[in-house]
Structure formats: C-alpha cells, structure tokens
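I have placed the structure first, in the form of structure tokens, so that the comments after it can refer back to it.
The first chain written gets the first letter, and so on, giving A, B, C and D; residue counts start at 1 in each chain.
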Amino acid sequence: MIRFSSDYSEGAHPKILQALIDTNMDQTGGYSEDPYCDLAKALILKALGAAEDAAAAAYGPEQARALAAGADADHPVVHFLVGGTQTNLTAILACLRPHQGVLCAPTGHINVHETGAIEACGHKVLPLPGIKEESLPYRHYGKITAEQIDQAVKAHYADGAYEHIVQPGMVYISQPTEYGTIYSLEELKAISAVCRSHGLPLFIDGARLGYALGSAQNDVTLRDLCQLADIFYIGGTKVGMLFGEAVVITNPAIAKDFRYLMKQKGGMLAKGRLLGVQFGAAFEPEGADCLYLEMGRHATSLAQKLKQGLVEAGCQLFIDSPTNQQFVVLEDSLAEEIGKEFAFEPFARYDETHGIVRFCTSWATPPEHVDSLLNRLKEL
Amino acid sequence: MIRFSSDYSEGAHPKILQALIDTNMDQTGGYSEDPYCDLAKALILKALGAAEDAAAAAYGPEQARALAAGADADHPVVHFLVGGTQTNLTAILACLRPHQGVLCAPTGHINVHETGAIEACGHKVLPLPGIKEESLPYRHYGKITAEQIDQAVKAHYADGAYEHIVQPGMVYISQPTEYGTIYSLEELKAISAVCRSHGLPLFIDGARLGYALGSAQNDVTLRDLCQLADIFYIGGTKVGMLFGEAVVITNPAIAKDFRYLMKQKGGMLAKGRLLGVQFGAAFEPEGADCLYLEMGRHATSLAQKLKQGLVEAGCQLFIDSPTNQQFVVLEDSLAEEIGKEFAFEPFARYDETHGIVRFCTSWATPPEHVDSLLNRLKEL
Amino acid sequence: MIRFSSDYSEGAHPKILQALIDTNMDQTGGYSEDPYCDLAKALILKALGAAEDAAAAAYGPEQARALAAGADADHPVVHFLVGGTQTNLTAILACLRPHQGVLCAPTGHINVHETGAIEACGHKVLPLPGIKEESLPYRHYGKITAEQIDQAVKAHYADGAYEHIVQPGMVYISQPTEYGTIYSLEELKAISAVCRSHGLPLFIDGARLGYALGSAQNDVTLRDLCQLADIFYIGGTKVGMLFGEAVVITNPAIAKDFRYLMKQKGGMLAKGRLLGVQFGAAFEPEGADCLYLEMGRHATSLAQKLKQGLVEAGCQLFIDSPTNQQFVVLEDSLAEEIGKEFAFEPFARYDETHGIVRFCTSWATPPEHVDSLLNRLKEL
Amino acid sequence: MIRFSSDYSEGAHPKILQALIDTNMDQTGGYSEDPYCDLAKALILKALGAAEDAAAAAYGPEQARALAAGADADHPVVHFLVGGTQTNLTAILACLRPHQGVLCAPTGHINVHETGAIEACGHKVLPLPGIKEESLPYRHYGKITAEQIDQAVKAHYADGAYEHIVQPGMVYISQPTEYGTIYSLEELKAISAVCRSHGLPLFIDGARLGYALGSAQNDVTLRDLCQLADIFYIGGTKVGMLFGEAVVITNPAIAKDFRYLMKQKGGMLAKGRLLGVQFGAAFEPEGADCLYLEMGRHATSLAQKLKQGLVEAGCQLFIDSPTNQQFVVLEDSLAEEIGKEFAFEPFARYDETHGIVRFCTSWATPPEHVDSLLNRLKEL
C-alpha cells in the first residue's frame, strides 16, 4: 500500500532526524530555553528578513520577553509549539477579548476540524456568510476576501443591538487553504489592509506553509507574511518534521506574555530543544536553498505532475490546486480499484456514481510513487 | 557543565531513539490509528495485568471506542498524549462537571506549576487545607491522606450553603510526588476506598511513574494502579522518551469519548505513531526486564548513591526521598562553588545562609556524573 | 409614543406587582429557599400535570435535591432564574460534556443574540445546515425538523474522523420561535422521539411561552412539554413579570446539582422569593383561568387583530404568525410616518424601498393602542 | 421569628418600591437604554464627584460607549447589573487576560462562596498566602495589605519559571469585608498605589458598600473610591433594593465594550429600567441625605447598638465590627434558646461549647427588633 492520504504519513526528513540523533544525549535546559532553539530562532528571523540586530541578538527567553514589548514586522518574536490545533487555539486566545470571535472561511480548519477547540477557549468562530464555493472559480475555494471581511465588520456595527452579538475580533486564514489554494500577494495585502483599518489582528495558519512557499504559482514570501500578518506560523508537522510549528508574532500586544499561554494550553514542550533542533535543520543552509523551502518545492512539483497525469488519464479536477493537495472527481468503481494499492482520502460525494477524493504528496513522496499511481490509472 | 537540574535534559534512550529511526520512513495513518500504537497498547495492557482478551484484541480506534463503554480495571483503555500539563488538563476535564473541583495536595503540580491550566478549563483546584509540611515526617511531604479527603468531602456537605461552594468532584495525586516521595500500597488502597465511597474518581499523575516503580522502597505495581485508580498515566517525557504520556482509564464514564477531548485540547498528535513506537520500545521485553522499569531502577539507584554521598559529605537532607529527586540543604557558598561545574535547581530558602536545592538523576545519568559530583563535594 | 417594539417595555402585570407589594416587608431566607418559592413551584407542578405527590410535597431546596435524583416527566423539578440568556446558558451547560455542541435553528436566539454566551461556556452552537427560510412556507420559519436533527447526528458519525468534529450533544428549540411561529404537537413529538433515539436531551426555550400557549392555533400544553422535553422554561420576563424564568427539568442527569450551576453562573437571585412571589401570582387561580395563560391569550388575540388590520390596510405579511410578534413588509416612507407616533423594530431589508418590521403586543397592550395604530394606518 | 440572619431578608425600601410602582406601566426601551437609567447614572456621577460635564451629559448607551474610551477617575462610566456573583465575574473577566489570576484575601467572597464562578471564566483565584486571622487584631480580619500585594507580585517574577505560574493580574478587595471590617482611606491609598506601581487594576466589591459608607468609623467616600479603584460597585441588593449593583469604571481598558460582557454573562437585564428606577430613588435627594447613605447609617447604628448590648450581656465579640455584621461567640445552649425566636447565621465553631454566629442588621431592621433581642438576652 502506497499512501497519498495525508502529508503526515512518515516520520521526519532524514536530515532533520539526523540532527535529532546527533544532539540526542546533549544536556540542555527545558521549555525551549536552550541554544538549539536560540539558533533556530535566529535562522528563522533571517529567513523572515528581520532586522539584523534582532537576528544577531542572542535569542533566549529573557530576550524574547524583552523583544515582545517592541515586536513589529522588523523585529518579530518566534515561539515553537507542537501541533496545529494547539497552535491555532493558543494564537487565537492571545488575540481576543472574551466577547470577540474570529472571522474565517466556513471551511477554515478551526471551524470544522478541531472539535470546537476555539469555542472551548470561550470564543465563537464566525464563518463569513455568503461564501458559496460552487459559484466561484476554483482558485477562490477555501479563501475569503478583504471585501467580505469589511462587510462583516460593518454589518456588526450597523445592528443597533450589536452588544447582543459576538464582536468580530480578528481574522483567520490558511495559506495554503484547506483546499490547497493559495492567496496571492495582492489578495493578502488587501486583507491585511482591511484588517488594520478595523483594528483586527490577522492570523495566518501555515500548517502547510512550505507547500505554498514551494508552489510555482506562489508570489508571497516569508518576508511578506511578516509584514502583513500580526501572527502566523511556519508548519513543521506536515512539512518534514516529527512535529512542530514555529509561531511568528509581529504585534506586541499579542507577543506579550505569549509563553504563559503556551504553558497553560499544554503547548510548551518540556524537551523544547527538539523543536529548535528540527527547525534549525530545516532552515539551513540560509537562503532559498534551505531544506524547508526545498521540501516544499519537492512536494508541490510532484503534486503538479500527479495532477497533470490525472487529467491526462481523463479524471476531472475538482480544484486546480497549485500546492501538494489535489482534489479529483473519481468514478466509484475506479476509486475502489485504485484503493486496493493506494491510500487516498474520501472528501465528499460528487454525484451518485462519483466521489471527490484527495491525493497528497509531501516532502517524503518518492517520484516513483507518483509514477506507480499514474501507471495504474492508465491501466484502468 | 554536568546537569542534575531536571530529568528531561537529554533526548531519548538510545533504544527508543533507534525504534524511531527504524520506523521513520514507514507510512501509517495519523492520530494514533496505526499498528505501532496498537502494539504498544497491547504491551502496556499486558504489563497492567489486563485480561488477556483485552490485550490480545486488535486495539485500533474502533476497538478503543467499543472498549470504552465497558472499561474497568480488568479491561482498561489506553491513550497516548504528548506532555504532562496537556494530559493533566484533559484527564481532569474528562472527570468533572462544571461546578466541580479537584482535590489535591497544596504542592500538587496542577496547583502550582501549570499556569492555571485547570482553571482555564473552568475548574477550581481545591488544595486540601491544613497540610503543613514542616510538622510532618519527611515521607509524607507532597502527599495527602484518605482521611483528609474524607474530611474535605464531609465538610463540603456539612455547610448548609454548599451550592455556593465548589463541589469536590475528584482527587488528584502524583506518584511519585513533586517532592520525590511515594505512596505505599496501603496508603493508596485507603485513598482509593474513600474516593469510591464518595463517588470521586481518583486520578494519578504518573509523569515520573518510572521512578516510583524503580524505587527499592516501592510496593505499588502497575497492576495495583489499574485496580485503584479511575485514570492514571505512565509518564514518558521524564522517563526516557522524547515526549509522551500513556493514559490508562478504567472508569467507563471517563473513557467515553476521551479522544474528542484529546483532540479539542490539542493532545492528539498528528504523527501519533511516534508515541506508539516509543512506548512499544519502552515496554519490551515483556515483564520485569522491560526497558521502562529498567530505566526507573537505573535512575533511582544512582539517586540513592548520590543521597548517601551527600550525607557522608555532611550535607543535611531536606527530604529522605526514595526516588530520583533529592532535596538537600546546601550552604550558599558551597552551592555557588559546586554550581560552577554542576547544574541543579534552587528550590527554596532554608535560612539566611542556606538554600534547599534539588538534584535529579534520570535514565540518562552516567554513574561517573554522580562520582564527579561526590568527588567535588569531598574536595570542598 | 406608543411602543410595539418589544414585549418587555413595561414593568409587571398589576396583579403580580401587587403580590410583590403585599409581601415586601416579609422576612424570608434567600436564594429561593422560602415559602413563596415553594408555593409557586407547587402551583407550577400542578399546571404541568405532575404527579400529585410531587406537587403536594413541601418543595424546599432539600426536597428539590432529593427529587432531582428521581426527576422524570411525572416528577419534574422546578427552579427559578432571572433572565433568558442566563437561563439558556445554564441549561445548556447542564446538558453537555465539553466536546459536545448544541443543535439549533440558524435563527436560534443562542446562535445570534447572546454575544456568544454558549461559546463562552465552551460549547459550539451547531446551526443545522440547509435551512433556507425563503424556500419554506411561513409556518416553518425559525423551526427545525426531526428529520434535520436525525440527519445531522448521522452525518456526524458517518465521518470517519468524527473525533475531530464537535459532537452533537443536545437540541435547542424555541416555542414560540424567534419568528413568532409555533411547533405543533405532532412536530414536537417527532423531534422528541428522534432526540431520545439518539440520546440527545431536548431543551425548549420558552422565553415567550405564554404567547404560544395563548395562541388560538396552539395544540401543545404545558403537560405535553413536560412529557416531551428534558428541560424547558416558562418565561416570565416577557410575559408579565418584572423578570424571571421558571425552569422545568424532567431528566435526572440534568437536574442533579442544577443549583450549583445556577449559583456559579450568577443566576441564583439573593432575594429569590421575588421569583416565587411573581410566579405564584401568575399561576393563580389554578387551571385554564390562571393569570399566565390569560396574559398569553390577551397578547395573541390583540396581535391577530393587529395582523388582520395590517392586511386590510394593504400591508404584506412577511410571516403569518399565530403569536404576539408580527413581521410585516412596510414601504419606507410609510414606516417613517408611522414611526413618528409608534415604536416598532426594524428587522431586515425587504427590497430597495421596503423594510421588514416587527410589531409586538404583550400582556400590557391596551386594545386602544392597536386601534390607534390601525386608524393611523388607514389615514396613511 | 425575627431575622438577623442576613441583610437581604426583605424586599425593597418603601421609597424604592414606590418608585417601581409609580413607573410600572411606563413604556421604555430595554437593556438599560432608557431615561430612568440615564437619570440614575447622572445622580450617581454627581455623588462620585465626577466632572460636571460627564454628569450633565445625557447618559445613554451611545454616550456610555463614547465615554468608555476616555474613562478616568473624573469621567467614570456607570453600568447596572443584577447581583453580586454576576457582577464580580463580569468585572474580573473584563480586567484579566487568560493567563492571569486575581489576588484577594483567602476569605474573599470570590474565593469561597461563588461556586467557582471566577474559575468558570478561566481564571485562578490567588488568595494571598500567610494571612492568619488569628494572629491579627480584629480590625484586619478579612483584609489584605499593600505590602502583601507587593510581595506576591515580586515573588511571582522572582521565580525563574514564572511562565509556569499564574500571573497576578488584578487585586480584589471588599469594602466592607466579609467580616464586616473596613479599610481606612490610608490603607486604600497604599493598596491603590502599589496596584498602580505594578500595573494591576484594583477592583472593590461593594456589595455592602452602603454599610461601610454609613459607619461612624469610616473615612472613605465614594469620591475616594473613584480616585483609587479601577472598577468598583455600589451594592443595591443588600442595601435596600429588590436587586441591583451599580458598577463604576474609571479605567478605559476595562470600560471598553463592557456591555458586551454584561450581555454574554447574563447580566444585562431586559427590563433594565428597573435598575435605573431603583438607583435613581436611592441617590435622591442629592448629597449626604440621599436615601442610599441614610439606609447605611440606619443599619450600622443599630448594629453598634446591638454590639454594645451583646457586650453588656456578657457576650464575647469575635470581631469588633464597625458595620452591619456582628460576629459573636455564643454558648451553645444560649444560642439554641435565642434561636427559638431569632434567626441568625452559624459562622464557625469557637470551642467545644461555643460557636461563632453572625447577626446582621439592615436598612429594614426596626429598632424594636434589636430591643427585643437584647431584652431576651438579658432574660437569659
């Protein structure tokens, strides 16, 4: 059985695993207060284009606390957490007051696949109304627009009884989205601008960020994210690490005391250095050749190859995705046949005889796996 | 610098790391729905003395759901989480209704070192009153008694206005405690009995359980815990793994839907098989020689050697601990001198010229590290 | 200015106010532990058709606690709270475990007009999908069906990853709904049956219950509610009292310790006897002539007269409501003109030149107010 | 039976009840957006010595929102809520971020008698350590000091692992305290100064504030509270109203969006004008003769008379309280005998044959009730 069912089917990229092996018996302090985390933060800051002084500074917890007060796009603060749901709920908790909710796409991960983690922190998730995927071109699936945000905020205050309604307090988007689509730089700039005009922090879920950065169609850099978002994260769990998400905060009000929230919500790993070791390995060597970006390019180029092969084999795309997730309409008997050798994820029904399924590639996908799948498709 | 400052200073035991290396590129499903987790659960169930049919059964998520309904001491359910705070809050959340609180020692980890994680779930932590460590013999430090629990529950209902007061809803203890002391089987039986007489679930925090099980003075087995607790966990983070806690549930009301709570609170690891691989390696070979127990014995025997050496060097023990944590009274200038080469943790002031400090050994401590420390002490 | 803008524009019905005046200087215990509350509970129990022994019993807090354990449709438990949002959140909190949400209509009060009060208790509100008012006959507006509930629950468990999704844990409906429509006995029986088949408690928000009971089209009695719901309330704030909601619980798991939740959430009034005095006055004399039902009939009959007049004056009904709220399409200039003398509530835009507005009658509406409005309409 | 068991045994002061009667059938908007609330707020602002422009301004919800941004000691914002627990939890929620807790006396109402209402909002209550009533002079019972607050904050940051511990985020005190004692102006100034030096909002629970203001020993005015606290309330439930607490906020960060929190937590009364009518009546006529202060003087002078009589009858005071609550040591058989005719509240055991009991006077206590009690004591 070859698995295309998710991008977290394997362990860690061999280079990242090797870094863990090499440092295994070193003794360090806990809770990410160690030299590996300091180094990884410095490497990430450089990749973000952060001011040299910030990146150059020793970057321990005391420094993090000091920097938090003055955090901004040029002096962001970096923290490491373990997984996506944990990171989402901690970040959102840091942004909102109790009467506020988070605007997002109806398909946003926080709205549909986190067992109410955000509500369990006391906050209503506010899916933007009127988003009907079926009436949109593919490239908008899973996305929201600056205009929708603007309308939602204005609609809130237009209601005379607005204190009876949850106040929009921030915006959540995913890059890439849960449908594999990506925001263009122009779209992100418009969203960021409307958020700032309404005083709403913008949070970007980057659980699969590597696969956006690695897409040939992408025009949004890490540096751009740092300028446009108040808080975002660079996902590791789905991009080559055993686990780990690197949160970047540019808004000092959110950065303040963030480690307390990490601890309270169970996101402060005792052996925090494991996160530093992994992210350190992922952001070397410095620049466009770093492993993190390389893994993203690997997965998305294979996904594009897979997509092209599926189309050539006569399959209908549900979405023309530029990243590592491909959503395809498959005839049921064909799906059953392929399913004997290849794992993929059922997504939704398309019609009585067809389903929509998802194929994922990842940093770990060997090109031969894609070839095998395409060959089997041709046979069928 | 040699570190005795905590029991999570290194990575994983070489055998556990090797298991991760060996399985790294295997493809599996996520969220602990994989063969490694199934195997690890079966091994743990055997170690718990669970009924053979339970242990023999394939132990996937569907089975877990089915078993949850009928869970009991002979048919416990096992789940894997990432870290201690996360495990504590998820377990406590599973036990309580909203108006209930958790009885514990004033020094309980949930009361003092988790940034209000339990309160953030809506529940008051109820430290038992009248516990004055200074008036107790060492071996009671950090512990509570069946009698104290009984009195607290009776006092609650004796107040006519009891609906104005948080209702005691469960009991939390740690084995070993935060002071390194351990409950005897007799003490645990009494606590379990009083909990059952009042309908209170008993939760045992086993973050360092290996170091209780490995203590020469311990008479409480894993099988006993399974009979006496409603829910407890076998800690991995502090006992030889990169991270990981194995929760054992014997009470079906708590076991029901536990995976939903794990997910909501960020405790369901995407690459859950990493937990299964590690716990699988730790519980092999079956029986008293398994790595988990072996690591516990290693750390506690070195800690006893360290304790004896400290006493011989003229140091006063603050607690005569039978496990891997040793609390010692050190003269300040002596502490400063030792601190140049050895890391340890300041715990509290003792008097104007002395402090209480903690030395930890672990599965990773080489005997030579203890020798070095004791030799340096003799020199000074 | 004559107000039709809400059904809580005045104080209390004169008979209820008189009862407060008559008892003002009596001394009683607090927190609804007093003879007035006992009497009111006994009167309500009789109106519910509860077993004579339950109603006959002295009904103090100790009895309430004892009865809670055995509560059922024939032996319900009654509690008094202050207002609607508080009652909704307390009732829902009593029904759910942390990973569960509450199914409801998208227009349900808890979903749209309580500033996230349910989410602030940790629970996601789960509006049923696919409810498109515009495609339904009037009488379904604001309502949900047994079939929708059934489908939602089955859809939850059909998803293999259901632990990643909030579990439907209960059902919330309003009688009458926020649109003034009412459930028929047949509809309620079907909803109750499907809830029981899935083990979901059914909670009925009766903030305006008197106006359903008083409707000529209503065929659902208090006794029926007691048989069909697990918990519901008889609203006082909008039906003739200064404030107050009488919660009726028939499910012992929900009834257990309910007073703790009331206290914790701020719903246990210190001078609780004010609630007993008011509900006592409202449920006298016993039977169909009791003030509570009388007030309901008064308001709904005036509302029907108003509705008829509006239609005769050429206004288009938005909903053909059988209760005290009337939703009408008004041309904007007409609305402006009427608005100089009469207050009503803007509800939504209808088209470019028309709005939908709400007129409410209540227990307090003098017939002449309706006449004045209709006369003014005729003039215009 | 004559009741001295609480200060909420009766309904409302006749003048306040009359105001409710006089306005009963007036029609107004809901949720405290009405002229009665506006007037009451203006009267309270004058009593607080607020700037004339603030008090003179029409004071509706729109104004409240506008003023919130600029709130300060000279321009405070006033809101009305229903009861004490609700007010405490809403106020504290408004002050804290999720990782923060509230410092208070161990005997603080929020710590012991609100069923975990604060924890249910996610926040740990942090009773100050080392407060041992038995070693203090009477007048300190139930109180905390500026020094204790200062030490607690410094101790928090002195711990290197402070992110693992709940951060002190505000201070809660009661005036008068739960023991009937009062803070002097000097003490309050010191507490306020230390709070401001650490950036901690100071919240004063004034559920019985009238009985502090009315005490002959009191030197703290409403105007002082406005200068010293960030948020406090003027209690009505225990001081002559059916229910109601007037919250005063001087800190703009707390004042912002406060009405959203009121609504979410069930504290926004539909018929909000009932609160305005009552507070309006209580703060007339303007100045020292206003009913609110008069009620306070009435109750405390009778309580002093009662205290003197108790001492003369040979009873031992547990506390020499200057307000309306008197705590006395009574021999058990004497208590039993008195209890046949007079209700009072058992507080704690004193020794084997004596208990501590509480007698309360209130605005409603007739002088003859005190005489009767004292006469009966003399007989016994």
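Note that in this section contacts are C-beta pairs under 8 Å (C-beta built on N, C-alpha and C of every residue); 3 or more make two chains touch, one makes a residue touch a chain.
Everything quoted here is computed from the prediction, not taken from an experiment.
Engineer: Quick check: more C-beta contact pairs at B-C or at A-C?
Structural biologist: Contact tally favours A-C.
Engineer: By mean C-alpha position, what chain is farthest away from subunit C?
Structural biologist: Chain centre farthest from subunit C's centre: B.
Engineer: Can you work out the whole-Å distance between the CA centroids of subunit A and subunit C?
Structural biologist: 43
Engineer: Approximately how many whole Å separate the CA-defined centres of subunit C and subunit D?
Structural biologist: 33
Engineer: When the centre of a chain is set as the mean of its C-alpha atoms, what distance in Å lies between subunit B and subunit C?
Structural biologist: Centre separation, subunit B to subunit C: 49 Å.
Engineer: So which stretches of subunit C touch two or more other chains?
Structural biologist: 98-99, 114-116, 120-122, 163-164, 167, 260, 263-264, 268
Engineer: Mind pulling up the subunit B residues that touch subunit C in the complex?
Structural biologist: Touch list, subunit B to subunit C: 31, 93, 97-99, 121-122, 161, 163-164, 167, 257, 259-264, 268.
Engineer: If we count contacts the way the header does, which residues on subunit B are in touch with subunit A in the complex?
Structural biologist: For subunit B paired with subunit A, touching residues are 1-3, 5-6, 8-12, 14, 17, 20-21, 23-30, 82-86, 89, 114-117, 120, 237-238, 242-243, 260, 263-271, 274, 343, 364.
Engineer: Where on subunit A does subunit C make contact in their complex?
Structural biologist: 98-99, 101, 112-116, 119-125, 161, 163-167
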